[in-house]
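Provided herewith is a single structure, encoded as structure tokens, for subsequent inquiry.
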Amino acid sequence: MPSLETAVLCDGLVRRFGERAALAGVDLHVAEGEFVLVTGPNGAGKTTLLRVLATVLRPSEGAVSVRGHELPRAADRARPGIGYVAHGPLTYPGLTARENLELYAALYGVSADQIGPALDRVGLDDRGRDPVSEFSRGMSQRLALARACLHGPSLLLLDEPTAGLDADGRELLREVLAEPGRTVIVSTHEPAWFEGLATSEMPIRAGRVAA
Amino acid sequence: MNRRAFVALVRKDLVLELRGSEVVLAMVTFVVASFVLFRFGLGGGRTAGGTRAATGLLWVAIVFTAMLALARTFAREREHAIWDGLLAAPVDRALIWLARSCSTFVFLVAVQVVALPAFWLFFLQDGPAPDYGVLIAAALLADIGIAALGSLVAGLASAGRAREVLLPVLFLPFAIPLVLGAVSATTGTISPQTSGLHTLERLGYLALYDTVFVLFGWGLFEFVVED
Amino acid sequence: MNTTAAARLDRATCAALVAAVLMPVALGLIFFYVPNDADQGFSQRIFYFHVPIAMTTYALFAWGALNAARYLWTGDMTLDLRSYVPMHLGVIFGTLTLVTGSFWAKVSWGTWWYWGSTELNTFLIIFLFYCAYFMLRFSVDPGEKRARYSAVYALLGVGLIPVSVLAVHLGQDVIHPITFTDHGANMDGSMLFTFLMALAAMLSLAVAMYLVELRGKRLDEQVTRLRRLAEGTR
């Protein structure tokens, strides 16, 4: 039974897609407050791991628990505390930035008056009423960050968040990640950039944790 | 039920459709074009088989037009990889299905607001007409069934290869009893001897169809959408 | 593992033996024992093929749907095969039902299909559903997702059956306004006995085919698994 200090626990996590095992037995222990970097070559399974932890994918085999909740059985109880920044921005291009956040606020049960401050925090307060289809990659990433943090999650999962960000965006990302009181797991190709923030690094190779 | 999330999801679909109009306009064009095809196909002058045959064809047109809506049902989420965002959120999967079914229902009704008058114009001017109240009631009931089951089946079809072909194949066996019920209800009203009970039985059947597949949709959608 | 494999071997062989005995007995009864039908004569005997085959198809479907539900409930992958194989056999028996049904229509009503028969038309819809099930199965790659989607669709089919029966019944005025009286099920003793024997024979044949095909597909999977192990991927 994982203690309350354990944010994430994986024991022999396997995830298959058809015949292929994207994750072939991952053991992972992340304590609360830790900042873990997940590194590895393309196709190693970093995105798959994050998606399983975000409760978007179900494990094929093995035990996974996030914030004390066993997946997939208790996934719905784990979700309110998880913020997930994926490869894509997870926003509807046809809606404005504000409308996207309104949707997610409704889904997460967040009061609508949090949206203004959230946009403000990522420097998009003057672009709130613009459709997301007009956003640059950097702006989309900022919106994704706002979306992921809107409900005040205690666990942040980010999939290569530095990709496509300009200097201002990177500075903002660093500010957000430095905020205390959260457990953070980041998959990245640039572990050096996270120096000063990260507490540990976990290399993954071919679906397993490399020695 | 999380009413706020439900309203937000439905509103999102309606707003996106109003702005982008991927589906409704195409469906209107398609259904009117189908009527023209049927009219020419059945021969000019007095419609062969009369209003009875035409009313039957109306339901065929409605089902095929609905396929267009269903084909696009989860296309946005798929194309822009938004599913992860919805699935990571603490919202009941059945609620996602319910919201999608409701917006699809709205689209179907919107199309029929144009299609039914067009149908009257093309086919019902010469010859005895079916009861319009029954026709509208049957259309609404059929729309519920199509939207509910269609949203579930669209999810199944989107997983595989050749999904544009797969959706009609998966959906049409279920459309057959629906069309039968609707045709029986509406063409029955063309002959004056048909009793009210006859019509009521068939409208009741459509309601039963809806109930069955709403229950199935509610219960099974989570198995379709979760990976 | 060895004992269960041996036991399964026995079950399939036993079922095959039972079928091998019942089928000739049933055929004998159908062709030599049962008296000619008063109205339709010798060719009415198609009834003793058509209805048992149809009932066997429904039984296969029920078994497949039941295992589909069990799969969704437990996630046990062995149930996927035990759901798929009956559905697969259902297509075979379903095709036979339609063919014998066509002959029966010819015998009873003079046309190669009879639109006034609730039973025939309901079956037509179910058969289309089976074909769609296969389209779905072939379009998804093997794995957990295919099993899940197949199970969901199989369960939808359960809803389709009563809905279709009712629709075809209510829609009679549309499909076939002029109805002939259906030949009633007033079977005397020898006819009933023959019918039941034919039904038992068909069911035993279906069970034998099910067990044999299941065994074959399981061996298939084991080979694939061993190959995967040999290649070093898990």
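Lettered A, B and C in written order, each chain numbered from 1.
Criterion: a residue touches a chain if its C-beta (ideal position, glycine included) is under 8 Å from a C-beta of that chain, and two chains touch if they have at least 3 such contacts.
Just so it is clear, the structure is predicted and the values come from calculations on it, not from any experiment.
This structure's chain pair with the greatest number of C-beta contacts is B-C.
Taking the mean of each chain's C-alpha atoms, the chain closest to the overall C-alpha centroid is B.
Compared with chain C, the chain whose C-alpha mean position is the greatest distance off is A.
The centroid of the Cα atoms in chain A and the matching centroid in chain B are 38 Å apart. If each chain is reduced to the centroid of its CA atoms, chain A and chain C end up 49 Å from each other.
Put simply, the C-alpha centre of chain B and that of chain C have 31 angstrom between them.
Listed for chain B are residues 227, each touching two or more other chains.
Within chain C, contacts with two or more other chains are made by residues 145. If you check the complex, the residues on chain C that touch chain B are 72, 125-126, 128-129, 131-132, 135-136, 139-140, 145, 148-149, 151-153, 155-156, 159-160, 162-164, 166-168, 170-171, 173-175.
Taken in their complex, chain A has these residues touching chain B: 51, 54-58, 72, 76, 79-80, 82, 84, 86-88, 90-95, 99, 102-104, 106-109, 147. The touching residues of chain B, counted against chain C in their complex, run 56, 149, 152-153, 156-157, 159-163, 166, 169-170, 172-174, 176-178, 180-181, 183-184, 187-188, 201-202, 205, 208-209, 212-213, 216, 220, 223-224, 227.
Residues of chain A touching chain C in their complex: 14, 16-21, 24-25, 60.
Interface residues of chain C facing chain A in the complex, by the touch rule stated above, are 141-145, 224, 228, 233-234.
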